[in-house]
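Some structures are shown below for you to check.
Two complexes follow with chain A in common, the first pairing it with chain B and the second with chain C.
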Partner chain A sequence: MSAATPAPPAAAPAARPAPDRKGNRPRRRGSRSGRVALYLTLSVLLLVFVAPMVWAVSGSFKPRGDIFEYPPNLIPSPATLENFGNLLSGQPFWRWFAISVTTALLATAVAVFVCALAGFAFAKYRFAGKRVLFSVMFSSLSVPFAVILVPLFVLVVKSGLSNPWFALIVPWVAPAFGIFMMQQYIIQSIPDEILEAARIDGASEFGIFLRVVLPLLRPPLGALAVWQFLQSYNSFLWPLVLISDTDSYTLPLGLNILFRAENRSFDLVLPGAVLASVPTILVFLLLRKQLLEGLSAGAVKG
Partner chain B sequence: MTLPSPAPPQPPDLTRRRLLRLGGGLGAAGLLGGALTGCGGTAEAEPVTSGTVDLSFWTHDDAYVEYFRTAAENAAAAGASPFRWRLSPTRAGASDVVTKTIAQAIAGRGTPDVAGLEIGAFPRLLRGELAAELLQPLDDAVADVRDDLLTVRTAPFSKDGTLYALDSDAPLVVYYYREPEWGRIGLPTDLGSWEELAEAGAQAHRRHDVCVGQVTVGSELGQVVQSFDMLLMQRGGTLFDERGELAIDSAEGEAVLTFMARGVQEGWIATVADPMGPSMQAALKSGHVIGLWMATWYKIYGLVPNVPEQSGEWRIRPLPAFRDGGSRTSFTGGTGFAALRDKENTLAAVDLITAGYLTPSEQVRRFLDLGYLPTRRSVYDSGELLRTEDEYCGGQRMFEVYRGVIDEAPVFHLSPDKPVLDTVLSGYLLRAYRGDLSPREALRRATDDFHGQTRSSRS
Partner chain C sequence: MTPPPAGREGRRRQLAPYAFIAPFYVLYGLFMIVPIAAGVYLSMTEWVGLGTPEFVGLDNFANLARDTSFHKALGNSLIFVLISLLVVVPAALLIAQALNTRGLRARDLFRVTFFIPMVLSPIVIALVYSLLLDRDYGLVNSVLRALFGTGTTDWLGDPTLAKVSVGFVLLWRWVGYLTIFFLAALQAVPRERYEAAEIDGAGPWRTFTAVTLPGIRPVTAFVVVTSFIGASQLFDEPFLITGGGPGEETLTVAMFVYRAAFDRQQFGYAAAAGVVLFVVVFAISQLLNRLLSIGRTS
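Coming up: the complex of A and B.
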């Protein structure tokens, strides 16, 4: 080997990726150590977020005296279903559950339809007072629910609509956020030409909405449905004011009285919270695809 | 017992429209807390004077429902009332009972006949004319036993000299200690002063990592202030004086906060998020906390459910005294039961409350069933109560301790601005515990902030 042997490449500066024909260099992928740090950070964050849920599930299978044992033990020993039994036999849990799920589904279905319809009208039609109406609707986003609670309650009572099954869904059927979201999506994603083509084919305006617009709105509607379901399912203040019969409570109210009891019934609250989370998980799983598409809509240049 | 229809104090002549205007302005800030000032919307109903009545009964604790059902049966069996009551209970969180009641009153329907108003939530009804508008005065109902009722338990539920609710308890603050642990580490259980206990507790903490007290530092701001308030009242101070003026910036306040901050910083006072919750249970179970000052109800709602395995180990005693003054006990907690006014069941509701809460036999039963202390002074001499031995507390005759200190119990007063104080004072207490502020500075700044907040909320 001659003395003129070139230096090993490791000593040379890192080669830069070659530019493409337009002169753009491809984005550099993160270094291995960077990725390891990223994954470690994400793993720690995952643990932080998941740990309370794991603890709640674990605690719901422990005897009351062991729930807060120190040091904490995630594997119940002995494991017991007694807490679930006590919850289901001693409280009208399934009734609370049924009321919550039913009203949340109803509110979601109505809200999704109303938001799509209103968003379509705001996006594609001209009518008198449109700007004012939209501004009023948009500005209502900044009003906390607590402020409108009393007037809304009086309105519901005075108009004779205080039947809980109906009144429970009233505040959620036309959320300003949903209408705004639909309006924005329709403006960005549905060209007027499609609507004109449908009109030429003889479709009515409502038919256009049902057959042309609504199918195209599936991604944002999925995202809206998940958001709306959570809003209604978790609502506390409105059902609290509205319902006075403990047996007709919604789940948040029911779990709250167990938690707020003088002796903090964690042995009932934890299994209740675990069961209460099932519908939200199911809704997320069912609408996951639409949710992700809806959230990322417009984020990638077409 | 049939009650004559009492003459309620005349509220201002306010319409519901004005009420709603007031509510609109105050609703967001106080979550209905100030929304009903001047509710003139309650329609006066012809009162039912006898017979079977269905009473809507709102409370945060199921135990009250069972207690009053039994009281109703007892009164009916004794023929002591023209009414027979059937309770229709609604349970909600303590503050939620007040929120619901105010909201329903605004809507002009659906208010309860009887409401249990926890003392931490009751100040919301002291604002403006709320109490006078919503609640039936009970002065006539208690006239026969007024001298025997503990003034210290009627004062918090009174406004402008009118009594609006009867307290469920005379929740004296005593010192709980886990006797075997104190014996094991050689801590004397009969130390006479906090200063002596502090010295002994500090040594025990250094050697055995135990705590002889706890303060609450969690997100429930009322609980944070409660820790401080118990000792403040014992030392002779008060949050609010009898005119409702803030009084924390005092020598007593500074002395108590200095004591507590020292305990936290030296480690012999533990900090927990919730005295009834997970952190406290862990501290009790692990043997980290072996003593604490707390109300009489803490045995039932704090110790028994959290550390049932420590049955037989706990004892109570009067609080050690502060060397510079004060008494050997204090108060914390309580729930006043009130009847809603101008309803057809108002008389029946008042009759149920008095039947359940004023007779000596029911006061004895209340202690035996619920652990709540009598609110009539004469019942403290009850032989039955004095002989009662408590299994969880190792067979101790706890009532002897209560009778020994009941006459030392301090009077305290509520203010409609108590929620504001909870908000501003809790943060400064935590800073003083951490040593970020001197106790004097913490109390002075809390006072300044309180006055700033209440000025702005009233303007």
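Coming up: the complex of A and C.
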């Protein structure tokens, strides 16, 4: 299936003409009551999914004493911005935030470029050793991060590269799945003729990549970029072992120490969690179509 | 793909792909191959992180074989793998089936909402769930108290319930992500096959096993392997929510590696545990790949 053919064709024409003949999926057969049950189940599920997030958001606007009130008030009364104020004035929140965002953007930029380039080579060139190189790359998908955690830490520290700006991006710069995604997309949607035409016009191979291929790669690059950003921005284990200096903490580490603090500062942790989630949820909502279709396209075609 | 012409132009075109994959393999070598090799070497040493590692051969592995904490960690990781494969993956398929119902309204709303936990930071998820599941003032117990008068369940402190709680958080976090893949696969199954099955008089279950499952096989394989690898290296959720506890009831292999290296400075021992994990996960995922035939260029 191509990334551009989701539900609509199935829904539109099937509605009226022969309702019973088309009941090819078990769920549809139960007509009205089945339908009600389906919506009910999905809605309950939705509630289970959303409730913890709603609780956290509303809690972040409540005075400390009200956070655990029962029954919980969805709309905090009294609502207060005090928690946010205390967090932003008493903690280096913005610094943690800046480090997380900057390193995530750096990691994303490197990964996207490296993957597009390699994916292009694997999709459109014949070269000696291609099969072996591809399967070596592919098999790295089954290397758990915990395995390289200790040696990578030792290497980074011993080689004096432990400057967090550099070291934080290291695990995210060469994701094999990104290459796979690019390769799949290029094979599917970039015909050889375009490349040949550019060659006849005298373009260099790298020029073809930059000026012909890269602009056509927008959809999968968008998906990969969002994915990489999320991975890096949300990462916890690697920053945890890497950074001991509070001033260089990433956001998850900062929230973690607030959470572990003696008096468990819920009134700082909840607004922190809410603020920390704003960029990822925004990025996701803005680019959700690209991300969801990009993720599934690779797997479905693969 | 036409064969490159002879001469200078052709040679440049033959070299181009190597130049294009070079950045990846340089980074890959530095940050993947070198660490794996270094890890294998470290696993045969005793080292506290300072001075020179002392070569001890296979001692670390012999010690791991006797280490009850390591056994516990392996067992717990296996349990989380099983939860992922037997609960989370089937749940994702069920939700995808439901979302694939023809004429379903608000499909996108459901799809997007189920996915949102995936974009949240594990620390955010962990702290929200720690608060919700707290024995004394957590919302879950408050609700139970109000409804049934039995609100003293120790969700994170009881050995079994702690695993169940972490398992639930895994479900909450991952199911929407996996649903995306299943939904795309279900939508790609040709309609005619369902119609043929219906003409043959196949019931819902028969249709599911004879049409749906074979139709989504490649994606199922992908989901199974990804879930297996993801669950086998689980760290964030148990570390943040239960700290591995109570006792070692939610200690995973990744957390065992972390503790050995960064709490006790046993770098060689930690590397050895990492190597064991690597061998097991790599072997099983290669086996799964072969069984389910993934990555075969179609």
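Just so it is clear, the second predicted complex is superposed on the first by the 241 of 302 C-alpha atoms of A that agree within 3 Å, B and C clash if a C-alpha of one lies under 4 Å from a C-alpha of the other, contacts with A are read in each partner's own complex, and residues count from 1 in each chain.
Everything below uses one rule, namely that a residue touches a chain if its C-beta (ideal position, glycine included) is under 8 Å from a C-beta of that chain, and two chains touch if they have at least 3 such contacts.
Everything numeric here is computed off the predicted structure, so don't read it as measured data.
Looking at the superposition, the partner that touches the larger set of chain A residues, chain B or chain C, turns out to be C.
Shared-chain residue A:68: touches chain B and chain C both. By the touch criterion stated above, A:257 is placed in contact with chain B alone, chain C being left untouched. Contact with neither chain B nor chain C is seen for A:77 once the two complexes are overlaid on the shared chain.
By the touch criterion defined above, A:245 lies against chain B but remains apart from chain C after alignment on the C-alpha atoms of chain A.
Once the two complexes are laid over each other on the shared chain, residue contacts for A:154 go to chain B and to chain C alike.
After overlaying the two complexes on the shared chain, residue contacts for A:33 are found with neither chain B nor chain C.
Overlap of the chain B and chain C interfaces on chain A comprises residues 67-68, 70, 144, 146-147, 149-151, 153-154, 241, 256, 266. For chain A in complex with chain B, the touching residues are 64-65, 67-70, 144, 146-147, 149-151, 153-154, 157-158, 240-241, 244-246, 253, 256-257, 260-264, 266. Of all the residues in chain A, the ones that touch chain C in their complex are 1, 5-7, 10-11, 14-15, 21-29, 38, 41-42, 45-46, 48-50, 52-53, 55-56, 59, 67-68, 70-72, 113-115, 117-118, 120-122, 124-127, 130, 133, 135, 137-155, 170-171, 173-174, 176, 179, 192, 196, 204-206, 209, 230, 233-234, 236-237, 241, 251-252, 255-256, 259, 266, 269-270, 273, 276-277, 280-281, 283-285, 288, 292-293, 295-297, 299-300, 302.
The touching residues of chain B, counted against chain A in their complex, run 20, 23-24, 27-28, 31-32, 35, 56, 58, 60-63, 89-94, 96, 99-100, 103-104, 106-110, 112, 274, 276-278, 281-282, 285-286, 297, 300-301, 304-309. Contact residues on chain C toward chain A in their complex (touch as defined above): 1-3, 12-14, 16-21, 23-25, 27-28, 31-32, 34-36, 38-39, 42, 49, 95, 97-104, 107, 110-124, 127-132, 137-139, 142-143, 146, 172, 176, 180-181, 183-185, 187-188, 191, 194-195, 197-198, 204-205, 207-208, 218-219, 222-223, 225, 229, 232-233, 235-236, 239-240, 253-254, 257-258, 261-262, 267, 270-271, 274-275, 277-278, 281-282, 285-286, 289, 294-295, 298.
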